[in-house]
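Here's a structure for you.
We just call them A, B, C, D and E in the order they show up, numbering each chain from 1.
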């Protein structure tokens, strides 16, 4: 018997039927991961489709992917700071500032695009390092640091934009093209799906082999096949629908790649493990010899960098930067996306995928409501209601988990 | 020897010199309470006075008291939810909605003022109970509940205000008078100072007597006298300066009374003790038999009620309600005030006085900057800088406390 | 009626600067649209210099927050301002400012937006702006031979009282124009990306028959145009705007945007500065008309289209041709006949 | 070893009876069909290996967890305990293994949490402080000040606070989950004295401990849990320590006995 | 009691020497002028009443606190340990009384926290899991799964994880702060075996415990702290348990001896 299944108290489960019964047990005990959010998302989509037939049209779904990207990228950074148990209120301002710097250097100063991009993104990095330094050196709460950042960088953005205040990006620049007109050709999109599924199966099989060699329990091959098949179907359907219109946007693909990369960094590297540890219990992490300062610095830096990238993508998509770039509810949307996706505000619990799911929820609501011509008063109230319902589903399931003692 | 001073390890201190040395020890170990925030405030005041001579004029300080009130009242509610380790993002919307309801019922519908006031405040209460019910019943994170509230009640506010969107309160109504034209006469103000100081001395002496009777250590009478004298001087100077212009505003006095009442409720009642306990460790509080649900309900209710009161005061002071009432940075200001005043975002640590101090810091910055004719961009950046400096002083002292092991 | 009295007895005893230089406070509402800090403030400063060399300017910007504006007005009064030139965040709420100013015998000039009981009012009327935008759009469509079809309306922020005025003015024209307003949207915070996302949605919902877009300002117009282009709509339907942002002028040159509103801020600033100085010295401002008992100077907004860029923003030295015709727009500029001199 | 007639039966009879209690956490069956009864005036020791389910059982009785299955009879009535507050109302006081103190509150506040003394609606801090010192002195606690947050107390000081807490109400059943784990020798002796005093007052005491000497010293009966199941109930006066250890580890031949054997071998020649 | 010649001097000499260490928390003087030395291949027991300052001393050595005063000499060099990471680099491994585990991480992640095994830059979860099982089996841990968060482990299981952690590096000094407090009888025996193995490997071990039997069984010398001050160092082989207890409580006539006396009185007539 494998080393990890020898305890008598473990309730036995093996093969596909075992996996299914384990899953239903998890369902009943409320340990569902992102299943409830996905259900919430599906309900939202169904309701909007009923309210307006064009919601699930290829065209609108392609729009949705484009709309989701920049908030999603920013939310990715928020997931990281939330994992640490900290907060960044300034992602909106930083994104606006980066967009502004990109615009001014690229358009007004005529710098090469690549240089402008590098400067815009580096700015985010520097800001994050500055936050990290303030936090680790003086112990100022991140709420206050980033509140100051929210104001300060808004001011700087206005200063950078100067008198004009608003400027157009050249419509035919590579950046704008990437954000608005660059879509994968159908063949490439399908090939990509195949590659992703194959990579999944391969890594799963490799792990399985290694575990067997180490005398540990292994997932049944049939389960791997079933999961891979499910994954393939979902991805294929998605690509099929998106190809009905312009196709899979390169920008959205970049976002997905960032999500996967962040997820791997969090779950599979020493750095990510340290981040989760610090978020769970700083003192324990410090006593384990982790360089806690470095972790804070790197996470704040990563968050602001993601914000800068998100801001640049937003500017590219709008084909303009202005004083309200990054303003409005950018902050709240990004933070809400991370939280709705299931990342805890209290540190140590969350996943990069919550940025994707949460951003999809938020932008689906906003996109769906834009299709229905509602009074803005009603629109605000409906947004609130939908949000609440989507999250309540998730919370109810977590709650039952708590009742089962898995706090 | 008193029962609480018998341990050999306690470093002895007695009499005034003992109290002074204990205080310097606290200073060195960084356990300073609100001293650093007060220092930050004094620095801010000094700098603004240097930059513009009219900052510390009686007239401007009276304005400052008026400006501080509504944010301060809202921040008081935020202090309570933060003590629980929760958050309320919707205080702005709730304050706006209450103001709108008051305005519409009082002005458009012609209800009696008292009825309108009661309805406006009750609305806050009901909203808070609703939040509390959602939180305790479904376990939805308060961040999301109140984010939905932020949107939903903004929508409702727009709906209530209807097409007109903006309406004036009658300038000569009692409410507007209270908020804009009602000041204590100098005699009453000085009498009030006397009463407050006397009450302080009396309670101190009573406690002293009781402690002595119980065989516990007591503060030296000389210390009580010194503290009372210091208190009297500070209050008298404040009243003297304010009387140089219109005097002590009734509205500000109401705010101060609310602060003192909240402070007593938190520190001296079973309810307040339970709130702090739940904020420190919910599970421990639950196991101690505390009705945790009730605590959540009551705190959310109190917070929204304070928000409603704050919104009504803001409307009365502006002599109008409109769609942007409670919008802008009301939320952020209120939360920031609580945090800057020293209340922890993570629950279990804070004081009602942090609402007062924090609101004073924030409104001093905003008031002081209004005196200097600055570009918006510069103003944002200066605000950020001043905020950061004020809080860094506080954090540095806390940090040294940490280094001394009092986490 | 009381205005005169108020104005006259103010000369002697108001504020600390009564003996020497007068202090004029300029209180602007927000910094998120370009015009206030880019145009109104410098032009007003200049005009004030011209009208009264040793007058002192106190300046504040309220970031679209009525309570903050109240704070700033109080700060101005604290510093002994002799006149408040107030562009209110909310015209109605500004009544409180007026009454506390009056209590100290400080007259108030309502700048850009009407305030009851003000001493003087200088403005392009918001409703008139909305009407002009809508009229230009309708004329444009008619000129292209269209008399019916769907319009999309992108209004300003639902929380901005002024947005309601633009909306009202625009409706008064569009409702009876024969075109159908297929969908309408109040853009939260005037946010361009919200406008963009909404417009994208409408392209799915309305699909065809969209002949024109009313956008309340240049920012939202930019968002709408990005959506139309991204959605592959050709040719672009006419899109309106307001504020004469440089970016919008460039879009007009390039043919993406149909029009924007140009408010000749200079005469407005000059009128306000002169009026303020007159009031400060206890005199009476020159006015052309009267609105609700307040002596007023009402100016006419101008619709800027490709045809009259040169005669409006360029002529008034708001932008130089070289500002507009950057490399990216050089070709379009030549085509539009916009060349330096 | 002396053989005394029957288990002590000072009180009227059984105060608390558990029947068929089961509790599952995810894939782990922490408790399976547990049967247990405690009588008034009796000290019942609950022993078992690490992870045997002792604390889970205590938490289930105390209303922290709800059992998946099984019934609980208290004072002759079948009860469902839905929350710790309900358990306290029944008269069940518990010292949890993880202590469950509020780190941000001081010693006095923790002691009286949920049952603060009041004087005209306002907390009577002076009286609470006075009584706290008395209570702590009874337990030989070495706490320098009762006005510092419990976060800054040493492990043993915290445990003393938790034990003192449980004595404040008027309980019928006291459950102590490893109460002496972090205590010094003097404090341990005081707690064992305390347990005996509780028994004399006719309370039922459930004592969890890994220290067999303590268990044999104060308990009347010993119930053994093993891997979440009952593994025998022993009357102390009739049982040898080795038998109980064998029931705990599931084998007579275990690390403990080996170690004992080895040490006696080693020491044999040395002495 | 046998009298053996001198204190055991297996290793080369002193690994760690503390001189005049003081530490103050607010109004409480937790440590005052502490002197201590530990030699390689020696088990030094550190005992003292609750709140005597044992854990504070351990944390000071481990770099968690910085002493207000005093010097520390490690391997012949005077060192200043500014953080736990530095202490680890010196070769000091510590099991803290409060365990210091990350509740949100699973057992494997906690065991390897800060020293994860990697395979091409990526965490080698399979190898870590395999070794975890081995390690835990050595300590007789009864942990059903190493893939659940440590929050859901029992008290003893958590303690076992913390002890296992300290064995992963290559330390020269191991400090165990009440390592067996929550352990079952079998696990306690394993840990005591482990301590002896560490001594045989020539490591210096500082063991804090309130259990005199364990202390007398494994320690070579016993250092007593009382109210934050040194109160004597005893060579185990030359000392009686009562003497150490007297040094701990500060009196020969204490709750422990009273209790022992009373019990023997009570049991005398009964037998």
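By our rule, a residue touches a chain if its C-beta (ideal position, glycine included) is under 8 Å from a C-beta of that chain, and two chains touch if they have at least 3 such contacts.
All values derive from a computational prediction rather than experimental measurement.
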- Message: Please compute the angle of the rotation superposing subunit D on subunit E (C-alpha atoms), rounded to a multiple of 5 degrees.
- Response: 180
- Item | Between subunit B and subunit C, centroid-to-centroid distance (C-alpha), Å | 39
- Distance in whole angstrom between the CA centres of subunit C and subunit D is 76
- Query: Cα centroid separation between subunit A and subunit E, in whole Å?
  - Reply: 44
- Query: Can you list the residues of subunit B that touch 2 or more other chains?
  - Reply: 7, 9-10, 154, 158, 283, 375-377, 379, 405-407
- Among subunit E residues, those touching two or more other chains are 25-28, 142-145, 152, 227
- Query: Got the subunit C residues that touch at least 2 other chains?
  - Reply: 31, 37, 158
- Query: What are the touching chain pairs in this one?
  - Reply: A-B, A-C, A-D, A-E, B-C, B-D, B-E, D-E
- Message: Could you list, by residue number, the parts of subunit B that touch subunit D in their complex?
- Response: 3-4, 7, 9-10, 207, 210-211, 214-216, 268-270, 273-274, 276-277, 279-281, 283-291, 348-349, 405-407
- Contact residues on subunit A for subunit B in the complex? 87, 89, 134, 138-141, 143-145, 147-159, 283, 332, 335-336, 339-340, 345-346, 375-385, 387-388, 391-392, 395-396, 398-399, 402, 407
- Contacting residues of subunit A [partner subunit C, same complex]: 52, 54-55, 57, 59-60, 63, 66-67, 107-108, 110, 158, 163-168, 170-171, 180-181, 314, 317-320, 322-325, 327-329, 363, 366-367, 370-371, 373, 375-377
- Interfacial residue positions of subunit C with respect to subunit B in the complex: 31, 37, 57-61, 63-68, 70-72, 74-80, 89-93, 95-96, 99-100, 158-161, 164
- Give every residue of subunit D touching subunit E within the complex, in rising order. 2, 4, 25-28, 48-52, 54-56, 97-98, 140-145, 148, 152-157, 160, 178, 181-190, 192-193, 210-213, 217, 227, 245, 248-249, 254-256, 258-259, 263, 270-271
